[in-house]
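Across the two complexes that follow, chain A remains constant while its partner is chain B and subsequently chain C.
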Partner chain A sequence: MPITTTRRRLLAGAAATLALPSFARAQGVKPRLTAISQWSAGSDGAAITALGKKFEEKGGIWQHSPVPGFTTEMMNKLRAQIIAGDPPACSQLKGPEIAAWSKIAPTVNLDSVVAAAGYEKVVAPDLAKLHKPGGKWIALPLQIYSTNMLFLSKRAMDKAKADKVPVTWADFNELAEKMKSGGVTYPIANGGTRPDDGQKFEASLAGISPTAYRAAIMNLDKKALEGPEVKAAFAQTRKIADWMDPNVGAQPFATNAKRFIDGDMGMMIQGGWAQGVLRNAGFKLEDFIITPGPSDNSKPVFLLNADAFIFWERKEPDLQAGQALMAKLVMDPAIQTMYSQITGSIPVRTDVDLSGEGWSDGQRRTAAALKDAVANNQAVLSLAHNMAQENGLTAAMIDVLTEYVKNKTIKPEQAATRLAEAVEGAR
Partner chain B sequence: MTDTVAAVTRTARPTTSGVVGRLPEYLTIWVPLLLSAAHLISFSLWTIWISFTPSTLVPVTGWVGLRNYTSVLATRNWNIAFDNLLLFGSAFVLLSLVTGLMLAILLDQRIRGENTLRSIFLYPLAVSFVVTGTVWSWLLNPGLGIQKLVQDLGWTSFRFDWLVDRDMAIWTIVIAAIWQSSGFAMALFLAGLRSVDSDLIKAAQIDGAGPIRMYRRVILPTLWPITITVIVIQLQFAISTFDLVRALTNGGPGIATQLPALVVYDLMFQRGLLGRGAAAAVLMLLILLAVLLPYAAWRHLQRRRANHA
Partner chain C sequence: MRDRSFTPSRMLIYLVVVLVAVAWLVPLIVVILNSLRSNEEIAQTSMIGWPLKWAFGNYLTAWSDFCVAQTCAGIRPYMLNSALVTIPATIFSTLLGAVAGYAISLWRFRGDQWIYGIVTLGIFLPQQMRLLPWTIVLRDTGLMNTLTGLVAIHTIQGLSFTVLFCRNYYVSIPQELIRAARIDGAGFFRIFWRIILPLSPPILVVTIIWQFTHIWNEFLYGVTFTTGQQQPVTAALIALSAAVADIPQHGVQSAAVMIAALPTLLIYLIGGKYFVRGLTAGAVK
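Up next is the complex of A and B:
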């Protein structure tokens, strides 16, 4: 492509010219960071703006360009910038996409900064692996959600005359039946989006057997994909689907927030972000309970979803200084605390104390669940939120899951076969 | 007829001063035409090339033969999208044609307030498809829209839940698309109806033809070139439908209302599979050509016949 080459050369030239004065000033460069993310509004926007303020307090120049909308739109901008040879100093990216994208443009080796901060010891091992493809840290996780937290509506619990939170899937099913007979119209509050449907299945499978989840979904083992646990997970997903409001089209789960709080709907299987959504909608923390999702061995299972920043190689000294500063900030427990308190997530660091003010019981329970799950090797990567596989494979698998949730004529055995076929076809 | 032919031959042989004098005309026609043709052709060729490469996140060189095509054609997504396109395309074109024609005939009765009515029927065309899709997604949602309204009025057993019924959901897209574009068909047909030779109509009246017979035997047969145009324009719209489905059902429930354009976007930008996305785009282009080439051939034939006459 001759055009790209010329443009790249032109840009390199322009960058070199721009960089000259800073070379002249040598050490005394002012750290500068160019960053892109999709976080522009709501609690996400507020959190990254707060991070930017901290960056500026440390004497840096914060140049964040949010690309509102879907993650894909942010990726399109990133792709365009990379092809043009002008990537941002750092950008939002998560899960296996970090490894995939790191193949198309050079990234920054963060090993020394990470070692200096002693960060690796306090990060869940599966999560750490995602951010160091090829053994080198090139990206840093920022905050964590579990996608299988169980939200219980207090009013629905009252209607069901239940006071115990369900621990296993059997408990969960019993509670749903009780709610149904107690006058809760739809025991499960759900949205109709693809990740919503995917979450119901991944919560089922990980709750039935985290080992099978790891084999089937994370390692794509063909035998595990058609194994009894996957079929059982599809059967459980069908139960959940039967308790949902069939009238939900493609709306997000937030559409049902009011009916959930009112006790017209009973339970949600969602990530911690739902806490932020419910509070933003004006509901109180006393209106609902957050507890780890059902797990048949009674020990919490944590479906990891983590937002992260990847750092792209830049020659300009001010951008390099900015990257070093940003890396330090992202790993800082105080910054992670500030960030998670705004968004409703939990810190990546497992050594942050959540007993203080500013944290909700739900967040404390989520953090405790992560610790337990890591200790018991029950922390796995979320499929529905693009943590377990690259986007192409994820989408092919979610196709099967979302069709299964919506089409009640598909049998669990059939669905398991289709899932294995979809994996085969997308590989 | 001979007069016009003579006029054409006279202007076709311009003098030097004529060329200079017509320079602005050439510039305004040829420069944009060549630019857009170059754009269209170069990007199409580029997409075709990409469809044979192993490109994923970014375009790369290499050759994988027909692998991208075979893998796209093997997916459930594409097969569902293709079946949907056949159903949606034919239902939408046929129904918008009939609705547009009926509206045009009714408006043609020299009624009062014709201008107002015409604007009303044309107005949906001015609304973007995203808006149409969103509004209809509320109207058709069983828990919010028409079904709830009728049930609240007292007919509690009334059901109209096509939007969440995976067998019927594709028809909601047909409904919204017809609402949006039958005004366009109406406008073309109305122009056709108004240009029917009044001598013909008078002659038919003298022969004692009633209104129904007049339309069937005299007026409608003169409309068929317009009908073909409407069909082709609506078909190419149907093939490239994207924003409407995206706002109305987003391909759901499940993947029941996938359409080819959604699949292309999904592969290229959501799944990061540029090569397969390009292959799907080329398949779409082939479907379009299957509509446009016969049309072009037909136009060519028409012109030759006209020249002979």
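Up next is the complex of A and C:
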């Protein structure tokens, strides 16, 4: 497998360089794009359809086939199309899966298009790395979410007689205690899904030490995995778990939205998407505050979750022209603005101005946090949302985290050992 | 004569039956109620609750309005796709299963038990394991992304169950019946047509219910081997509910679930009384 892989990759590279000049050659044909993604309904569906409209406005033929469901379904479909010798011209894929899948079938080398757009300068470095395995751009990030934004319920803050937004984990813990004694039933509003549990841990560790997060979770360094920061993060996660409603089952966090707004629950550690969920459920912006997740060094820590498109090699001139057009559109600040304003994410480009109309305060704060975090080298990749590791490893690690959140007899030290063992076993 | 409904043991039985029925029906009731509540109402109060304002519009949205990517036609077209796959695949797999079950149970030949064992082995193979082999078959037959391909898959895979059901049923038919017919000059298919098939309604109803429900509710192959507008209704339902970073559309979702469940519900209501009878036939032999 490794031998054929390298040969294939070489071939892919060679073919991709051949393909590039044909972008220019293909001027005469009408650009066409076959794309698959899991974005079918709701704001995700609306956003990609809007992108398709722009593609058509530029004279292209947009052929998007959504694969409803979760990433697994989309990957099954992608695998089937690749095996059938008919990969889509471009497909949604994210995180380390981009590198993994690029070994299965030849991809398009986007280096010259990216260079022409000056894109690399405006993308967070850790993020850029994910989209250029082997040093060549083969995929383009489209939008960013932070998974560790802190949402505070105004009514719960009133109950706690608190007006200061917590910055460090100590502040956070103090506020939670105040809420508890002020009559807030559960200081943390949570869901019971696997990513939800994972987010609690990753927010804890990255907030305690982004350096330790990078070493332990992103680089899987054994010493860091069993280090004091990871144990402290597990201890913090336990505190959070003790403040959560244990009867949540496996429901999404949105189930608790009402109790959060009413001040029966106090805080949410969620992705920026929670803002859209709250707004669309009919709650007002005055009912809650959005701020970056706790960080012990007081500078924002940003847990990155980014969606992207990977481009698969096709021989047809119209598809190649479509890929060139799509690449241009995805990197375009105006398109990223349009996309993020529909989904509630923030643009990948760090140079987009979010002061104008159409952006919410939450989005502006998220974007500012990203800028700060990148400047301080505190933007790291989310584990819970499949950005830090490939699917198999992520699943093994989340198994440990979700059990820890739910089973309160496990000690932080034991959990750290289990996490290290899970990594060892899955590697 | 004493009124039997008042004996303590009867009462106990009724109590247990009613409790079990309630436990089973609660989720359904929640879905029915939510199908009549607006998304906003559900989000602002609770998942479980009585409709404050009846939102019958959910059904209209679910049936013909909500969007999957750039197509806003509700689940209607996807219902049709599912019917186009489910009906032929159910008929073919049931008929083939009946013929095969008849051959294995009443026309003993060398290795018949082996063939029976191998065919029914399919029951134990997980779907995911068969995904790649089917991909290759569909690629080589040119049936990738066609409904015909799905019909073929479900017909062939359905044989594991239909052969099992039919064989177990036919095994209780006396061999003498077949011998008598052969003496009268009837051949394999004439016996099947004239003697076996008229005896078969109970088991055919069982296999039809079984196949219909499974194929209608199938998602993995439906979503992997079709594209865009040909996707089955399960894909459309998932499209409504899978968006993690999005507003849960519980009202419309519930209405769509109710509509999508109707065909299988009807099949059960029509054929239900045969179900247990057919399933247990031959079980004691």
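The rule is short, and it goes like this: the second predicted complex is superposed on the first by the 400 of 427 C-alpha atoms of A that agree within 3 Å, B and C clash if a C-alpha of one lies under 4 Å from a C-alpha of the other, contacts with A are read in each partner's own complex, and residues count from 1 in each chain.
Keep in mind that, in the parts below, a contact is a pair of C-beta atoms (placed from the backbone, for glycine too) under 8 Å apart; a residue touches a chain by one contact, two chains touch by 3 or more.
Just so it is clear, the model here is predicted, and its values are computed rather than measured.
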Superposed partners chain B and chain C on chain A - clash or fit
clash
Go through the superposed model and pick first if A:Ser355 touches only chain B, second if only chain C, both, or neither.
neither
Determine, under the contact definition given at the top, whether A:Asn76 touches first (chain B), second (chain C), both, or neither.
both
Tell me the contact category for A:Gly85 with respect to chain B and chain C: first, second, both or neither.
second
Once chain A of both complexes is superposed, is A:Ser298 in touch with chain B (first), chain C (second), both, or neither?
neither
Per-residue touch tally on chain A - higher for chain B or for chain C:
C
In the superposed arrangement, what residues of chain A touch both chain B and chain C?
76, 79, 83
Parts of chain A lying in touch with chain B, wherever the complex brings them together:
1, 72, 75-76, 79, 82-83, 97, 100-101, 104, 192-193, 197, 245-250, 390-392, 395-396, 399, 402-407, 418, 422, 425
Please name which positions on chain B make contact with chain A in the complex.
56-59, 71, 74-77, 137, 141-143, 161, 163-164, 166, 249-250, 252-256, 266, 269-273
Could you list, by residue number, the parts of chain A that touch chain C in their complex?
38-46, 48-49, 52, 62-70, 73, 76-77, 79-80, 83-86, 145, 195, 251-252, 254-255, 257-258, 271, 273, 276-277, 280-283, 343-344
Which bits of chain C are touching chain A when the two form their complex?
39-40, 43-47, 66-70, 131-132, 135-136, 138-139, 144, 219-220, 223-225, 227-228, 231, 235-236, 238-240, 242-249
